[in-house]
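Shared chain: chain A. Partners: chain B in the first complex, chain C in the second.
== the complex of A and B ==
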């Protein structure tokens, strides 16, 4: 400030001070916005843990039911007791893991559903345990999964419903109507399946197959290829009765899992003969809850092992 | 005129002093939100990375292999380079080892036992930990047999002997920037 009368220098210094102030203000404002943004960014941990608990329970229960089912129990009571104990122990083990984070992870209730596995693993005719040609497999099934057929011989050349020339049919009846699957030997196309949906009165040819192809009734595939006409139990409603008519006309193996305890003309568990049934846990319903001081998460999950490969 | 000049002079002086104070504070104090290797945000990111890695490994089954590896090795891994023998080790290296982030990995059981898989030293104050449960069944395969043959081994026992359940383990990862 050499000469106080020098107005030009005065204005220059004043302008510089204002400019610096504005720049500083902008920097301050920007940093305040950034700080607020970062500070309010949630860690996302709140919902992670209950979902992790749920996923762990679901996966573990599915794996356990699979493993317990594979043990081929001869009594339902033993399977039931061990499956219940295993689910309880998984829940107890998982609960321990979350105690440290002041969270209560609990299995509030569990409901198991008895199922039945029916298998014929010897290649023989599709007849009952005592050789009956028209016989019942299971009754009162609320659900059926993994119904697989593997045929090595079929008889009956037409879709004729005549009892003498008839071909083997698998009947699934429920809600007053019947869905049927026919396996016959078409004179032109070779081994073929035909389907009669619940609302129809006559069957129509669906897909051809080679002996040894896996016919998956519930998945609707033949030899791994999609068969659009094959739609399990279409036109009927659960509970279903599954039966076989003219089982002597066809040879092969099969297996299915049904959500029922009522079995027909089958050998019992522990038998090595076909066809036989074995006890299974069809599915489990779990009610889970996860509580922390500021979060309550409750969910009901259904676990059906093997359902996803249907 | 003289008054105006003094006002401006004082204003500029104040700016200088304030600027000095701001500069001094920025240079010394490290708050949780200031940009540094101990930034809260970096911790959040590392925790998210660790839990994502665990979730991915649990989904594809390699986390189970990590638990088995932890129980079968004599001493924990200390060197990232030796961990390519199992899938979870490769994933750890890819996620953290290559970004110069140190990690410890260990397994605990619900009954209090446990085993160490990776030990890269004592974590710093800014380390974060993430955990994920693993359920082992009796027929889970190991290097030579199944986990049910471990039952006689030290520090681990079948938590549910009657059933196919072997035990509920938890895998923990602690990560920190070196």
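== the complex of A and C ==
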């Protein structure tokens, strides 16, 4: 027989082992509950907010540059100062909006690019400010957008390059070659445009048009429909010089926006005469950053107002 | 007369036997239960960790796709699971990218849909750092 004092030891040890097992099970159960809790929480890093900030900044800047450009400033300095201040204000406003979500949304740097708007809104021949038939519109343009022609009269029945019979041509030269758009009156098809790409030596007929149709050189459309042969400045490289030859052979209106400050035979800003130029902000380069404890996002965004309008 | 007091000894022996059987049975059952629970809890934890990492990688992927210059994301993950420490393996194959989280004999694979390439990696569990380097997402120890 065992000592009387040893009685019940097995029960004690067994009970202890079972108790320990129960404690371990409870710890595991706790882990399971915690895991379920974590699983239902949102993830630490969310891509939505930084992308939202970027989109908001991009849209707001595009809208305000549009608005500033439409105010028809007569001086570049005033336009520049107001656009800079407006972007600063937009950035400050958005920064405050994101402070609530423990995020630092910042505009780290901004670079504005001066542009020039050229317009002839009186229907007249496509000649320069003093009536020159062969004249320069702008030079050194890094980019051109919204180049629209609206013709009401064309002369020159053939693609003949002869000055007497020649038709009006718009020349875009850059990188040692020249892209040309001819507007002439085809004896069979009526008013027609022809295009000479930079790599070609002769023009070929592209599309016909009716007087009053909008010919969009940069979009490649005539009267709103696609003109596949019309591909702006194909075969040439920026910076471009834009000029007109035999402007007296055609009447109409036009406008374009170029990323340059060098203008040719044009009236100055504030003039009511055509053709004239006005200062514009062509585009803005923004460097944005968005920081939270878990995330850093930096991006460079180019904003060119009006480029996506059509 | 020799049989006197035998019944006390038999009773005692029987009691001991039954008690031993009962306690052994209880211990074996709870031991198995603990092993099963540990594996099931570990699996759940690995699944959640894998999904969180994939979620952070997807966020970095989306940001990288927006022509970003810099993208860094901190993925905050636990150091241990029920079974102990764990490892994270990120592998990109022609079939797609997947994240494999393994602890002991338990492993969970979470597939991810990504557009930015992800660098293969094998790392110990814990906080991870996701960064965009040369158009590729790299995952490293935080």
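Everything below uses one rule, namely that the second predicted complex is superposed on the first by the 265 of 310 C-alpha atoms of A that agree within 3 Å, B and C clash if a C-alpha of one lies under 4 Å from a C-alpha of the other, contacts with A are read in each partner's own complex, and residues count from 1 in each chain.
As a convention for this text, a residue touches a chain if its C-beta (ideal position, glycine included) is under 8 Å from a C-beta of that chain, and two chains touch if they have at least 3 such contacts.
Being a predicted model, the structure only gives us computed values, none of them experimental.
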| item | value |
| --- | --- |
| Which of chain B and chain C A:63 touches, first, second, both or neither | first |
| First, second, both or neither for A:17, with chain B first and chain C second | both |
| Partner chain(s) touched by A:96 [first = chain B, second = chain C, both, neither] | first |
| Which of chain B and chain C A:104 touches, first, second, both or neither | neither |
| Which of chain B and chain C A:26 touches, first, second, both or neither | neither |
| Partner chain(s) touched by A:54 [first = chain B, second = chain C, both, neither] | second |
| Touched partner set for A:82, first chain B, second chain C, both or neither | first |
| Residues on chain A lying within both footprints (that of chain B and that of chain C) | 10, 14, 17, 21, 24, 35, 38-39, 43-45 |
| Residue ranges of chain A in contact with chain B within the complex | 1, 4-5, 10, 13-14, 17, 20-21, 24, 35, 38-39, 41, 43-45, 48, 52, 56, 59-60, 63-64, 67-68, 71, 82-83, 85-86, 89-90, 92-94, 96-97 |
| Residue ranges of chain A touching chain C (in the complex, touch as defined) | 10-11, 14, 17-18, 21-22, 24-25, 28-29, 31-32, 35-36, 38-39, 43-47, 50-51, 54, 287, 289, 293-300 |
| Touching residues (chain side chain C, partner chain A) in the complex | 16, 19-20, 23, 26-27, 30-31, 33-34, 37-38, 40-41, 44-45, 47-48, 51-52, 55-56, 58-60, 62-63, 66-76, 81-82 |
| Partner chain A, residues of chain B touching it in the complex | 1-2, 4-5, 8-9, 11-12, 15, 19, 33, 40-41, 44, 47-48, 51, 55, 58, 110, 131-133, 135, 137-139, 159-160, 162-165, 167-168, 170 |
